[in-house]
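Remarks on the structure that follows.
Here the chain labels run A, B, C, D, E and F in written order, and each chain numbers its own residues starting at 1.
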Amino acid sequence: MFYHDGKLQYTVSVERPNPQFAKLLQQAIGGVEGEIRVCLQYLFQAWNSRGPKKYRDMLMETGTEEIAHIEMLATAVAMNLEGSSMALKEEMAQGNPMVESILGGRDPRHILSAGLGAMAADSNGVPFNGSWVVSTGNIASDMYANVHAEASGRVLATRLYEMTDDAGMKDMLAFLIARDTMHQNQWLAVLEELGGTSINLPVPNSFPESRQINEFAYSFIKTGINNPDSQSDKGRWAMGPSIDGKGTFHVRLAQPMGQEPSLAATDPTVHVQVQQMTEGSMKTESFIEKAKDFITGH
Amino acid sequence: MFYHDGKLQYTVSVERPNPQFAKLLQQAIGGVEGEIRVCLQYLFQAWNSRGPKKYRDMLMETGTEEIAHIEMLATAVAMNLEGSSMALKEEMAQGNPMVESILGGRDPRHILSAGLGAMAADSNGVPFNGSWVVSTGNIASDMYANVHAEASGRVLATRLYEMTDDAGMKDMLAFLIARDTMHQNQWLAVLEELGGTSINLPVPNSFPESRQINEFAYSFIKTGINNPDSQSDKGRWAMGPSIDGKGTFHVRLAQPMGQEPSLAATDPTVHVQVQQMTEGSMKTESFIEKAKDFITGH
Amino acid sequence: MFYHDGKLQYTVSVERPNPQFAKLLQQAIGGVEGEIRVCLQYLFQAWNSRGPKKYRDMLMETGTEEIAHIEMLATAVAMNLEGSSMALKEEMAQGNPMVESILGGRDPRHILSAGLGAMAADSNGVPFNGSWVVSTGNIASDMYANVHAEASGRVLATRLYEMTDDAGMKDMLAFLIARDTMHQNQWLAVLEELGGTSINLPVPNSFPESRQINEFAYSFIKTGINNPDSQSDKGRWAMGPSIDGKGTFHVRLAQPMGQEPSLAATDPTVHVQVQQMTEGSMKTESFIEKAKDFITGH
Amino acid sequence: MFYHDGKLQYTVSVERPNPQFAKLLQQAIGGVEGEIRVCLQYLFQAWNSRGPKKYRDMLMETGTEEIAHIEMLATAVAMNLEGSSMALKEEMAQGNPMVESILGGRDPRHILSAGLGAMAADSNGVPFNGSWVVSTGNIASDMYANVHAEASGRVLATRLYEMTDDAGMKDMLAFLIARDTMHQNQWLAVLEELGGTSINLPVPNSFPESRQINEFAYSFIKTGINNPDSQSDKGRWAMGPSIDGKGTFHVRLAQPMGQEPSLAATDPTVHVQVQQMTEGSMKTESFIEKAKDFITGH
Amino acid sequence: MFYHDGKLQYTVSVERPNPQFAKLLQQAIGGVEGEIRVCLQYLFQAWNSRGPKKYRDMLMETGTEEIAHIEMLATAVAMNLEGSSMALKEEMAQGNPMVESILGGRDPRHILSAGLGAMAADSNGVPFNGSWVVSTGNIASDMYANVHAEASGRVLATRLYEMTDDAGMKDMLAFLIARDTMHQNQWLAVLEELGGTSINLPVPNSFPESRQINEFAYSFIKTGINNPDSQSDKGRWAMGPSIDGKGTFHVRLAQPMGQEPSLAATDPTVHVQVQQMTEGSMKTESFIEKAKDFITGH
Amino acid sequence: MFYHDGKLQYTVSVERPNPQFAKLLQQAIGGVEGEIRVCLQYLFQAWNSRGPKKYRDMLMETGTEEIAHIEMLATAVAMNLEGSSMALKEEMAQGNPMVESILGGRDPRHILSAGLGAMAADSNGVPFNGSWVVSTGNIASDMYANVHAEASGRVLATRLYEMTDDAGMKDMLAFLIARDTMHQNQWLAVLEELGGTSINLPVPNSFPESRQINEFAYSFIKTGINNPDSQSDKGRWAMGPSIDGKGTFHVRLAQPMGQEPSLAATDPTVHVQVQQMTEGSMKTESFIEKAKDFITGH
């Protein structure tokens, strides 16, 4: 169960409201790198957790913290949408003739739909999408997703930091950037605790390795041709022991090991063109005809 | 530029076509864990790469390999949609009365829209979405995204492996599972080559750490209350040196450091209800009124 | 800022896990009528609130309560995905020949993607979409959105209640149904407090009614023709004082008051077919040509 | 069946075409508050109506009227995209050096995709989404959805009205604003006719109230803590008879009545990490293993 | 402006309601091949039409007809959702033990969300998407879109026809199939009237052909390698005069004519990893730094 | 299987980087008219092809070529995002006061999310959507989809061509425009080879025409009323032999041939309002009640 105290986790202040920056901040709220995503991601991972208990408990803590980050950013958006008339008035006083570009760089829905408030959307107005919420049940897979989420989130926050000189906004972002530092470390700490790459990899480590076709489990496959300058095999991934310690990296030129596909002719009841139905290849029977008969009791 | 040779990277065979399994395989084609995603993700990372050259070259190799994986899976879907009338016929011969459930577990669009072929959609028919393609420009962030993509992809492939006893399908999946092993190792090899966590973290490592509010960069914040049994601080993330070696993990109880938000009253031209406009808080001027005047030349 | 105590708001128990019911429950988590929507909706309305303060405070309370409802339902999904092998085993023991339908009615991603956990998606696996989160800034408009959200949410919960006989699930739903009763009353209480329909309508009530074309503000317009049996004007909306008390309902037959549209010919640089460019109607100049010249400095 | 007469319901004229305003108008066509949504919403409610007949008849009338509103707005978009070269020419004559912002505030797809025409998308180019079409079958729930749709639609129209001084556009919007007034009244008239809140609430009113957990049906639950200044319980929703007349509002402090969730360990065949499989909690049997056996005939 | 008469364009009857078939019919309502798409597509093409007038007039006729097709199909869905309890009762009477599959093949939202009515979604419950509505302004491009829409629509309708033996449903589909025949012919008649392929191609025909790189305008480019059995150049597209009569088809082996891409190093303010910033390639200046300075008045 | 050589199909050069043009180019990458769509569309059509073999072989060639087009455009986007600081610096030197519009016309995610790289999205940042990938299995239907895809793609490319004076960009677009010419001809060549309209139409030509209701297969239905000036029947579609040669075009006034729909009353367990349940029309039995009993073993 959840509670709130009505205050922000960290101060949010805006020296000079800027509706363009409000638009950019939306990326950190409803974008794929944003806080709604990490909030739901950690909470769903917690709620779906089937043990050990300490990981569930820990995910709950941080998932709950992230709600407060959405709150801070939504507040920052709303504050950046205030008082913007001031700047406009100054510009107008200077008689700027370029009348049609005044809304350039703003999100029109901040006015039209949200009445000067924040939305569950990214910086282009594309709505938050639940498909971004990762919770696979496999803790190593989820931790790598979480590290990436915090890495791309911190990259985003530093880019936002560079795009403003508003001291209030820089301060708020400097706090969020610090939290992203912790969270990157936090998810990697889980992986370390679980044994590091030599134990965790390949994810999932519960699938017997003997069942994979091991011959290809440590081959770097070159699909490049006619490209003598390519440096694709000049890296760590092409030689030496594999990161999981279970194989040796080596290079293999791509070559087909499979057949040229040849599908059976289509069932006539899916109504392709008659020219596509060549007598010889009609090796399947009619699926739909039968399904229909079955459904309708024939 | 790209070329093909019309053959499959690895043999795809189906002993007994199963339209239900065709539906499940769609997750590995057009799902968030699927091959269209990793294919476009590695190719966009390559195309957007601004150096060093060897990473671009390497990403191109693997991005190109993934097209062949989509090809294998699409072929597997098409093959699983063949000949299914056989099984139906047997069941019908046994006079199964449950006529309405015969299509249960199948994707109706495999017949209606695709004419017994594969689609760019997941196992529920939800279309592939370009927002899943991660290419941030920051190579550490992208490598963690790639490790997760291959981890969740391998988890998916092992689950599909468990859900079939078709020897052909198991063989194909065993190959793909091996490739996912390599690719997990491959992306982690890049991170190792770039210096490992002590160099790469926090991502981005090009943002001066002095600018983040360091006091909160290594704190595990407990948002839990009234929960004495919680084990949330019983892990590696709560004590000891941080993973990046730049701080020491410690625990902090959540408490607000920010204000209770109080936004300025809304501009009257956004047309909230009159009851919302309380005289005292009307500290903003009319933004839209001004924007309108400006746009229309008043 | 937000806190949690790790316990559920109300007991969640499942007598007999049912993966089909897990699929149905997803509608109440990530569907348009679901709890993620109302949770974010009330929180965004609170965060965007520009007064009076008591409405912000009140919205925060209920938005926070809704997180606990997502938590209960996610837990219920995870519990319904457990132990289902029991039922399967029994059926198998009976030699059911209809082997292909065993997954019918289940969400395959509950296994493939979520590892027997809940997802941020609806009962068809369609992801939650941020466009459903309504926060217009106008409190009357938002309250009507909220009443509908709770009405459709309660309708959904009662339908789920009818589809299970599991005593645990029925008890959980009976609790949620009661909360939806309160929340419907709660949002209507705000509207009453703000003066009821005579004050609030038409929403927004801050737009001078003299500026709307009043002649059509209380007309029921009949677009039906040749339909003598129609009862469309036999209701309260066709006669008597309007609900807002500011007009009188009356009926009007639909008839066009506007012109037949005739658009200017297209600019040649948008490259329609030459046959579409009829000399006579070329009254516009070339927009793109000019835009291009301007952009490129010509 | 449907007919048209090729004329507009109300005059659409544009004094000075403005491609920025064309972009804003898209919100009223393909946005969540727009006319495609209400058009389809009322028509689907009519088509799905199972009585009484007069409501179906009435919904058909208004659903059909809304097609004409889409038509008016699409025409307005197309007209606002004409002749815009004029303004550009003037600006160019003044040697404006800010060449890169000339497309700011325009929707690039109005040129690139639509060739100076309207699209089925919102003001950010996000496509119309069918999930917005509400038709629950429960008339009270649907009427509240309709009131909100018309309230947010009228709010949007008044905001658009404020953002233009074009007399033609203002006249068109003044007409649409008047129609929204009628439609708000119309849907509330249905609710009044059906007995008002004392009869309709809680929606659905066909679920026996004795089956809900009545103890929580009229409680305002405070999830706020440590916030003495909160005014969340200073409203109508916290005291007095409930709006439906079936209970008395009262305040309750949030406290967990449920357990701390503890899920059964995951089935090994979903391939979590081995470290997640702790012997003691393995109380479930293998679901997938069994499903597989069953599917494949083992 | 639009009108309706409350009757169906063609009789809709259902002999034996079938909720599975209701699910399949959804593809013809809200799917990419469905009637909402063609309805909006033709109406938007009409509303955006800038001449000649007869095409606008004609598109309005057919766009309006398509509303009646949505109406017929929505009615068919609602009728197929009735009375299904009969079939269930029979099955139950036979003691079918496979209790979990009874909802297999049904759309759960037909009950949960729509209360036994139709929805604006496809057969998998994926919502209608406005991006499918094609209106480019170029009439030849649009007519080919329309031919495809009617071709895939007729293919869908014939597949639905095959999957039912309900005489009522077959009769309704036979009518819709006939209308699709007309509409395919109708759109091709426009292309014929505009001069056929020799005049219309390449679309757009208003772009001076001298500006395209003509050398590649009639080359079939073979990207296949090592595939001697390929028949890819054994068709009409590889030899003889081109369809537009403006060139001669010929075959060309794919070979790169462009450079190996080498992008400038990234601006440091986008915060890639420091290891990506190699001194030598730093040829760009800092864009964001400058943008920031500019925005913030430095 | 697929290969690459690391070089571009055709030279991509940019004289003067323009981040606005980068945004416009995104439409050609991830838009509905873009290259990801055609690439996947042709590849899926090839992979799903069930004969004749030469069509599969041919589709593979062109699908593979299209990957190179995505590559060219992604490179062009990345190049247009370089060095843009130059232009900004000049403008700043001129003291342009309109500080808020500097990002107008740019995609903020090019900086925030992609770090100056290309994305799998359109020019408004709306992600690529897999629903656009057409592969019906019917070759005539698919070829018309392909002609449209190349027609709208060439229209888009010519519009982009008009919007830049950058010689490098014009050269690249001139190449792509030529390829679109070939591809339009190519898909029509398939249709010619398959017998042209007289053989292919109506698509699918494998459905016995006697089963459609032939009386309506060649009627142009006028839904327009009260519109004497309409020219809707003044075209080729209203008279003369049909394009497929199987009928004669003629005009029919729209009139309903079907009934006024009257649905059975709703099952009480879907919980409509009690006022909707009128005794007389309760002809259906309770579906859900029965389903529930069945599921739960009652």
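Assorted remarks:
By our rule, a contact is a pair of C-beta atoms (placed from the backbone, for glycine too) under 8 Å apart; a residue touches a chain by one contact, two chains touch by 3 or more.
Model, not experiment: these values are computed from the prediction.
Both chain D and chain E derive from one sequence, and where they touch, over half of the residue numbers involved are common to the two copies.
Note that among the pairs B-E, D-E or A-B, B-E reproduces the A-F interface, with over half of its contact pairs the same by residue number.
Taking the mean of the C-alpha atoms as each chain's centre, chain B and chain C sit 26 Å apart. A separation of 5 Å divides the Cα centre of chain E from that of chain F. A separation of 27 Å divides the Cα centre of chain B from that of chain D.
For chain F, the set of residues that touch two or more other chains comprises 1-9, 18, 20, 32-33, 47-48, 50, 53, 57, 60-61, 64-65, 68, 75, 78, 91, 98-106, 111, 113, 115-116, 124-127, 129, 131, 136-138, 140, 152, 155, 158-159, 163, 203-204, 207, 223-225, 227, 229-230, 254, 256, 258, 260-261, 263-264, 266, 270-272, 288-289, 291, 293, 295-297. If touching chains are joined by edges, the resulting network of the protein chains shown connects every chain directly with every other.
Against chain E, in their complex, chain C makes its touches with residues 18-20, 23-24, 27, 31-33, 87, 90-91, 94, 96, 98, 101-106, 122-126, 152, 155-156, 159-160, 163, 223-227, 229-230, 254-256, 258, 261-266, 268, 270-278, 281. Interface residues of chain D facing chain B in the complex, by the touch rule stated above, are 18, 20-21, 155, 158-159, 162-166, 225, 229, 260, 269-271, 288-289, 291-293, 295-298. Chain contact summary for the complex, chain D toward chain E: residues 1-9, 30, 36, 40, 43-44, 47-48, 50, 57, 60-61, 64-65, 67-68, 70-71, 74-75, 78, 113-121, 127-131, 133, 135-138. Of all the residues in chain B, the ones that touch chain E in their complex are 1-7, 47-53, 97-109, 111-113, 115, 124-127, 137-140, 194-195, 199-200, 203-207.
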